[in-house]
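Sending over a structure as structure tokens; questions will come in a sec.
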């Protein structure tokens, strides 16, 4: 109430700078630019961006310490994200920073290390049509949506998605080619909340879609840290009776 | 180990006795007959059947007391199942009896009273094609299956399915008409295990399908009561130190 | 944001009107009075109360239609709550109204019908000391708390608590006599959120405790309906491709 | 049915070889010796042991490939377990091998990497008395138990236990000094099942306790791989209609 939500939008930002890649035209200001623009509509959000090729990937200690919720898009260069930065982000999530993992971010080091699984899946580029069905209409991430999001053409992701069962499964995707996918998945790790959201291939204008923006905005609010207790660990005395 | 699993296959058994109904030809021995036949292949299963129009719906105290796992198929006559029988079945589930709820059984009084929700859903008869994707390949109910069950034509059930989030979601269905459905759902209520399994419209030969039979057999084994503690309730003394 | 949260505090209100009952002195304005007072501190809450002996138990259609979150305390007269009122409250929860069930409300018809289990437990009045440990410090219901709430003397509730496994287990109680209890339990049923919170025997001034008030306030915010989709059910057409 | 369960009991095996350490007298054949003895009572278990100071920590490719369920006890030398062996064990769990993590194994590299959290907790050696309450009496791991296990004196572990919320919480411990602990926790990662079980400090004869042995035996049966589908990942063709 009253306090801003400080959001950092992280992006690999390689495809969009590659002249002949379709992403170059679709996202001239980068995928992070499109996501940040959608979030800046909210008057209580303070939004900054950070990208792979900035020093420390744009995720300095100071940036991380002042981030309430981090969104993550990566695809081709997961291996270039330095392990010590991943470790810092991981630590911040456990301390309470929210994390929204988008689309091909399923294979990001940070997501895999938080999940403990391969996070592998089936995929197909081509002629699929996607619909995301809401299976938990009471969840705050669905605020303002209809019964499903009609994405139109998108890259297909199919099960088996090798993740731990979500604490809450919010969306399930239908693809015209015959697959389904758990495409909106909530987790808690430490004091931090994590939301994986499927759509967002770089060759489609997904992050301009109103419903997609609504979901990301809702997810930021949901993942914003709450002021619960900071646990203490280690050797302890018995409580007085 | 060594002890038999005593299964009671319950069926409404109305459509199949109606001369002009397609179910009459598909299931000449009733849906219960087809399901029981699939289960009797297992040498350690003792299988009996019970139907709505038998006295006490075939679910006498003696039958219930000697049932480890009950399977339930109903559709048109949920309202004719007597409340006092439903209460007895409910009580037996809480005591540990397994319950496998099939297809249109989603609207059975026993399922609704165990779930606490309407269990409503979308549906369509016609030209849909169904595939059930395994999303938890480590779950015992998936033993012996491939990555998906290809059902071919079936009635469509679509989300929102108004159930509590399953403790374990094992299958998600894809339908060619554009819908998805949580079609294999595990619950525990009291000491009893419950599995809802979607396929099985009376106008399709679903219960002759090898994979469907495998799932029901696996589910019976999974829901078979384990010999855990019988809780005591009420006023109690402090434990000695 | 901006809109009030309309809270109705329901109470059986019998013990407190019984001259020789300790609750008469501890809660001269009723348990509902104490709970409502704690909630009225929040400037964006609109709080009203309702009690068993009012017409329709104070839960008219108009009151229910204008309630975002209902809190429920009952103990000795669960059986006097009329089934048709319970059915209306149940329906409203499925539609999205939040429900906070307090202490002996575990045996209320509304809680049992939403859970599908007996909701039975062990109990003891006497010399127990209770501590509620936070096991999910990232959950919004723990906002502002320390690592545990020290209740001091309270009635003991012990496991086995015959409930479905909570979707989120927030608190676990320790009792000096040797028992533990899952004392903060989150559920979703339909579009409605439900929180069971253990403390609050009528012979202790529990509802004046700052931490207890904080938990109930947090729970009201958590259970406040979000504006997700209203599902449609029934026969449906295939989606156009 | 009919096939043996191949169990490998892994132990750090340092305390017990230290002449002046109490574990030396309590576990003259090592903690692994005591655990293995308890498991060998089962006629369908094939039990071997492996320890830290053996080549490859006793966990060669051949041993891992022929292990259905691995139990893990470690305490003082977690850091000496080589990362490449941890990676192999991790991979085998995702492929379906069961893993039973015991007591101070909460800090083992393998458990932390599977959980994605610190797995930290509170602890105290001294005069605590532990009782483990069964909260899910329908779970197969509770087969043959009473309502609680009275451990008598044990090391205390207290919340906050920094783990992801268990898929199933089976036991909660009560400690006389004032703490509680989620002491029996079930997970699935990949196709593998994981059970964390709290008791077992090296200065107490915990692994000779009949109930503790029963729990470990039950957990091995529960975690034994089932023959579900082996997922395929990567680029895939649309399914034929």
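Order of writing sets the chain letters: A, B, C and D. Residues in each chain are counted from 1.
Methods note: a contact is a pair of C-beta atoms (placed from the backbone, for glycine too) under 8 Å apart; a residue touches a chain by one contact, two chains touch by 3 or more.
Just so we're clear, the structure is a prediction, and the values are computed from it rather than from any experiment.
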Which of C-D and A-C has more C-beta contact pairs: A-C
Reference subunit B; chain at largest CA-centroid distance: A
Length of the line joining the C-alpha centres of subunit A and subunit C, rounded to whole Å: 33
Rounded Å distance between subunit C and subunit D, as computed from the means of their C-alpha atoms: 37
Where subunit A touches two or more other chains, by residue: 131, 134, 136-137, 147, 158-160, 165, 167-168, 176, 178-179, 188, 190, 229, 231-232, 239, 241
Interfacial residue positions of subunit D with respect to subunit B in the complex: 96, 129, 131, 134, 136-140, 142-147, 150, 167-168, 176, 188, 190-193, 225-232, 239, 241
Complex interface listing, subunit C residues touching subunit D: 131, 133-137, 147, 158-161, 165, 168-169, 172-175, 178-180, 182
For the subunit C and subunit B complex, residues of the former touching the latter: 90, 94, 113-118, 120-124, 126, 128, 158-160, 162, 164-165, 167, 176-179, 187-190, 229, 231-239, 241
